[in-house]
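Shared chain: chain A. Partners: chain B in the first complex, chain C in the second.
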Partner chain A sequence: MARMKFLCDAERCIECNGCVTACKNEHEVPWGVNRRRVITLGDGEAGEKSISVACMHCTDAPCSAVCPVDCFYTTDDGVVLHDKDLCIGCGYCFYACPFGAPQYPQEEAFGVRGKMDKCTFCAGGPADDNSAAEKEKYGRNRMAEGKLPLCAEMCSTKALIAGDGDMVADIYRERILKRGGRPQTWGWETAYSS
Partner chain B sequence: MKLIRKQPGVEVKAPAGIGQSVDRRTFLKRSGLAVGTGAAATLLAPGRVKKAHAASADAGGDITIKRSVCTHCSVGCGVRAEVQNGVWTGQEPDFDSPFNLGAHCAKGASVREHGHGEKRLKTPMKLVGGKWKKMSWDDAINEIGDGMMKIREESGPDSVYWLGSAKHNNEQSYMFRKFAAMWGTNNVDHQARICHSTTVAGVANTWGYGAMTNSYNDMHNSKCMLFIGSNPAEAHPVSLQHIFRAKENGSKMVVIDPRYTRTAAHADHFVQIRPGTDVAIIWGMMWHIFENGWEDKEYIRQRVYGMDEVQAEVAKWTPEETERVTGVPEDVVKTAAEMMAKNSPATFVWCMGGTQHTIGNNNTRAYCAFQLALGNIGKEGGGANIFRGHDNVQGATDFCVLSHSLPGYYGLSAGSWKHWSKVWGLDFEWVKGQFSSEEVEGDKGKPVHPMHYRGIPVSRWVDGVLEESIGQKDNIRCMVYNGHAVNSQARGPEMKKAMSKLDMMVIIDPYPTHAAVLNDRTDGVWLLPATTQFETYGSVTASNRSLQWREKVIEPLFDSKPDHEIMYLFAKKFGFAEQFCKNIQVNGDEPLIEDITREFNKGMWTIGYTGQSPERLKKHMENKHTFNTTTLKAEGGPCDGEYYGMPWPCWGTAEMGHPGTPVLYDPSKPVAEGGLNFRARFGVEHEGNNILAEDSWPKGNEIQDGHPEFSADLLKSLGWWEDLTPEEQAAAEGKNWKTDLSGGIQRVAIKHGCAPFGNAKARAIVWTFPDRVPVHREPLYAPDRELVEKYPTYEDRKRFYRLPTRYASIQAEDHSKEFPIIFSSFRLVEYEGGGDESRSNPWLAELQQEMFVEINPKDANDNGVKDGNMVWIETPEGAKIKVKAMVTKRVAPGVASAPFHFGGHYQGEDLHDKYPEGTAPYVRGEAVNTAFTYGYDSVTQMQETKVSLCKISVA
Partner chain C sequence: MKQKTKSKTTMDKAPVKKARNRWKSMLWSFVFIVMSATILPTASYLFSADDAYAQVNNDNNQRANFWRAVREGKPGYSSVSGPEAGVFINNGGQNWRQLRNGVIANYGGWAIVLGLGAIVLFFLLRGRIKVEEESSGLTVPRWKTWERVMHWYTAILFVLLTISGLSLLFGRAVLIPLLGAKGFGMWANLSITVHNYVGPFFALGVFAMLLVWVKNNIPNGTDMKWFAKGGGLIGNAHPSAGKLNGGEKLWYWIVIFVGLIAVCGSGLVLIGWAAQYGVVDGGRATMQFAHQIHAIAAIIWIVGFFGHAYIGTLGTEGALEGMTSGRVSAEWAKQHHDLWYEEVKDQAGRQETEISGATATST
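Let's look at the complex of A and B:
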């Protein structure tokens, strides 16, 4: 069974934010909610590195472990999804997540948190595949159409790779072999170690 | 590495000590969402999102795929649009495109937002008593047309300025230049003037054509890549895919820039220069090349003229002098030179950092000389890879939406006008009659007919309005901005003054633009809604000279019209619609795009835009996947052997089937298969020296030596005249390769393995330019008076492109004490050009919410500036802008740099309320060029917007 994973190749990420707007485009994510972001370390100085970060769809997802209403579930592909009908917007998952993935839309002027929103690996949610309800709550379901997450498919330098973990690892291994140097599989230990 | 966790909605307060560095994103988080605009947008957003959802949910029906090309930069990324019931519902990666292989940057991945167009200008409008009023197209065309006709009668056609656009497709660009000609003026220009005009002039005068010699894809073959004044990680992000392919194959990467850019972050070697010292750093590198004998002597003997003069100049640039001028120590310079010299083939990339200077033409020629010395031109993996800016700035340049030339760089001589009159199917005398018949005093002090006198360049339109003594009957009284952002030009306060003095301002654009709100007028401004390129179709030329064909994705939104239709409406109003479209079918009021392509195919012989018929272009788009992603050559399939998009020159007629030229001047292939040599453009000898190529020719060349350009006479003397068909002979008699409309001369030359334009040496010196050998000259606003003494600028000129142009009189005044910081500008990946379009796209706008300036911690501390403070940047001509300070070591001490793209603020004031209702971009800010100062290139009038002086204080 395929196990879906993300990998961002920091040697190639140029912080162009293509992944971010691809996600906005595909899922019509509102202003203020960012399912994916690019983080730059050492900005403007030698050694500057950028990494694109979203939900990593962890093997043993901490968000799921702390959720008081048990709204998370992991699909057969290893994608961590959640049910917005159950979510109460409590924010526990945000504190548990090592990647800062959960987002909360600001629905009212006084900052009351709405239901949690996060990257779905373009795999929708519990509603029927590609139904209007699924699209409204979770965005498009590319996985159901046999496609991979748009952020990775559109990555300008192919830094962000998504797909079956084994294939992702193969692609990355080939690059490391070619260019030499130590692999920097940022976040993999945390997300997929168990 | 540990990720710093950021919680959305909850502000993480980072300490903001004096002079502390922060990264751009943290900076943004702190600055953007907390302030009013961000909060308001958060509340507005859900409504917008719901509507967009509704549009897609209601759409239903079959999904059709439309193939288009991204409208944001010159890489030419393929766009695959999913359309349902006329609504643009999805955007998929275009994996078939050999240019982007599915990839997009932030801008490309957000182009579907064009289908929403929330902030677009929706109907024609005019300013009446300070209020925007809607009006019909008929009324608008009539009113504007009447006003222009009145100006024409009183002041002559030169008093209406037609400012075109690199956002037009090729067909529209061609028609725009033709339109200006039929109105009777050379006062026509576009963005190329202020982006790569110094490149085009410098490079074309070195070896023939002024375009990128190789391609993004060809960089896979490079063993070393040098970038100067170029930051493709932000300006051409998808090119990095190709650059990284080379790098991972072992190529070295050198970045020369005043800023430690996102591109520099990936380089093997970074060279931080003082802004405006490009010639010095290049000569400094070449000093090491000649010192160590690293130059390619045999290549120079065969293919380069004048390198000895360059070498004499280079000898002055010892390591000590280079360091004194550029600030770069010897070992850093030598390493860069050695990397380029010892890793062959090496490619050389430059952009606006090099071009936008009073000596921009010297910079670009120095770059060329460097590559010629190393023998890197005309080779796969080598080349002068000049990354162009806008999606069709290469095409718009080739069609010469420029004040000094006609389509195909034919110039403005009587012969050129006759050539095009013939192509247009018009009598030359009729065309001439459209111009004013009054001769004026020209640039050289002699009388000249306005038809043959180069017009006012876009960089100087303000002076065309304000200067008293100019080379035309009257000042500019009406400005037409057709797809142009005025925040790309310097000297904000004077621009505002010029806008007030004008009789009329006509803005034709999908968005109202900065021009609509910058002016203080209460009347006499019209806004006409144009479509984007996703609402029309036609060809577009990428930076590598490949043409791609866009399909129409959606019908025009709101009450907008495609630009060529708007031109036709004006032509009708002015009574030359019939002449304008003599060979072109008109449906309703829209000229047929394919017919326009076919017409320019009949005239663009100089640069080989003749073989790319609409049919061939469409075939390439349908078979994108058959092209090799490194060579761009189709391997099998219907386009077998052709290069993707038939990069010009694609010689002869479409029937001849030339495959296009993937690498310019590459003699390893026959001309018929895309090979070439340097162009014989400057005669056959100079000062008694042979300047034709020696012992070098493209594979299969039957002359087997240098030769002049082809003409009917040359064919006869070679005994090849009989190779022409009788029809070709009839057309070719008395003509040359540029003017023979049958294409026979080109066909026969190529049949014998010869380049139609001759086979000459490239020239490292240009005897027709102010500086024969490129030399360093200090910028007009220079920080070091001793260096000004040694490297002074030019003398003032009385008349240059119709205008007085000042150099020495400005540099003479010392501003360096009062304005101690060097001021420069740069680009951001999220926005493009003047930014009216991209700042109106919420998916992009959210990522960069505020205009800022980068200041080194030292300068921040010296001036009492803390990170995040609002500061005033003041420049010597009295302009000032209010922006947020970002303290960072990205810039060196003594240098401040601010991003371009912003507009909608002026000297501290938000102009939000001056936009027509609902059209103000999500993000507005000070235009950096409001503060930029006087200074224009000595050959092309390129503005000096990469180096000036400023002072910075807390606001």
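Let's look at the complex of A and C:
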């Protein structure tokens, strides 16, 4: 069984935000919700580096552990999904998440946030595959169509790789062997080591 | 004979002195060893001053510097806007998770169970504390109407917040097996809505209590004696008390410090009001901290509330009337609040006469 993982190669990411745009367009996520974001450290300085960050679909997912309504589940592919029908918008998953993945569509008086939204690894949600309800709540289900996440598919420099963890690691290992330097599998220790 | 004893003592003194010297030198060398062992290694600080370590942090090793900054959670730039969008790693999340799911959920659950258990045990051992004197039918005024309205307003909201709050903390473990995921999802949704909307109105009630009742709750010497005698809870003593006894004052200050400051204060942070008015930054670290304070203090408050509710209803005969009708029997007042009874006994009367008197004056 495949174990899906994201890997962002900081030596290749050029901060084009193509992944962010692809994601927003594919899933038609509302304003203010960004399932993926690119962060640049030392922006505008020599040696600036960027990483594209989204839900890493952790093995021992902190969001799932702290959820008061237990709305998270991990698919057979190792993708962490959640049920928006159960979500109460408490914000705990955002406090616990190492990657800042959970997003909320509202910010109103009395702490109302609305249902949490996050990266689904383009795998939809608990609703029927590719149904209208699934599309509206969770976005497209590309995995059900046998496709990988669009952010990685559309990455112009192939900095962002998505897929089975072993294959992703093989591709990255090959790159490191060719170009030298140390491997930096950003976020992997946090997300997958437990 | 005399000389003999003297010579004997001098003969004894020499080895004593020797032993004392040995002890002295031993202690001094011990002190010397400890001092040397602690002070000498710090001499290395003399060398660290001349930038021995600064070279490691050189600017040329950009890649290492970058990953170090990422690990430390140093925020970068992100064109995507959102709360803390520039932060790579939220390092505090796992700590918060461990504290909430581990320490707070476990010890908090035990605190509530043991608190309830202690009350049941106390009731079984001590029973209801009865009014000892025969009732004469006379009552004295204890709480004014608006004081009672304030009390019950706050009390009802407290119960709502307790039920909804405990559902959010323990519901996953306790209620999902009972209600199912869907059922509990709806209940939790209702809970968080009630909790967030009712909370600020509840805080107003507690704040009103702070203003209104602070004058009754200044601790004094009588309270110390009251506590020293076990407050009448232990044994059959009836220590002197004014309008409020030491225990009631203690509960009041628990409500103010644990309740108003810790629980209500952190609650206003959690619903985002404190951040809106710039009191706190509203970031994840603040929210995690506020949540921990909120949960821990609320559990302390709830356990205290169990005691308060027990003593005010089942535990003490004649106490509840003070907060429902506003009047308590003269005998109850004499037994539990003798000093206060002396102040108000001239107002003693039957409720009917007072009501007819009031109608008489109004007409």
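Operating definition for what follows: the second predicted complex is superposed on the first by the 189 of 194 C-alpha atoms of A that agree within 3 Å, B and C clash if a C-alpha of one lies under 4 Å from a C-alpha of the other, contacts with A are read in each partner's own complex, and residues count from 1 in each chain.
Definition applied: a contact is a pair of C-beta atoms (placed from the backbone, for glycine too) under 8 Å apart; a residue touches a chain by one contact, two chains touch by 3 or more.
In this text, all values refer to a predicted model and were calculated from it rather than measured experimentally.
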Contacts of A:86 with chain B and chain C, given as first, second, both or neither: second
A:66 touches, of chain B and chain C: first, second, both or neither? second
Touched partner set for A:103, first chain B, second chain C, both or neither: both
Partner chain(s) touched by A:175 [first = chain B, second = chain C, both, neither]: first
Touched partner set for A:154, first chain B, second chain C, both or neither: first
Contacts of A:38 with chain B and chain C, given as first, second, both or neither: both
First, second, both or neither for A:143, with chain B first and chain C second: neither
Residues on chain A lying within both footprints (that of chain B and that of chain C): 17, 20, 32, 34, 37-43, 46-47, 49, 51, 53, 94, 98-100, 103, 107, 109, 111, 186-187
Residues of chain A defined as touching chain C within the complex: 10, 17, 20, 32, 34, 36-43, 46-47, 49, 51, 53, 62, 65-71, 83, 85-92, 94-100, 103, 107, 109-112, 181-182, 184, 186-187, 190
Residue ranges of chain B in contact with chain A within the complex: 1, 3-9, 21-26, 33, 38, 41-46, 48-49, 52-53, 56-57, 90-93, 95, 100-110, 112-113, 233-234, 237-238, 240-241, 244, 247-249, 260, 262-263, 265-266, 270, 829-830, 842-844, 846-847, 854, 888-890
Complex interface listing, chain C residues touching chain A: 62-63, 66-67, 69-70, 74-91, 93-94, 96-97, 100-101, 168-169, 171-172, 176, 181-182, 184-185, 188-189, 191-192, 196-197, 200, 270-272, 284, 287-288, 291
Chain B contact footprint on chain A (complex, rising order): 11-12, 14-22, 24-26, 28, 30-34, 37-51, 53, 94, 98-100, 103-107, 109, 111, 113, 132, 135-136, 140, 147, 150, 153-158, 175, 178-179, 186-187
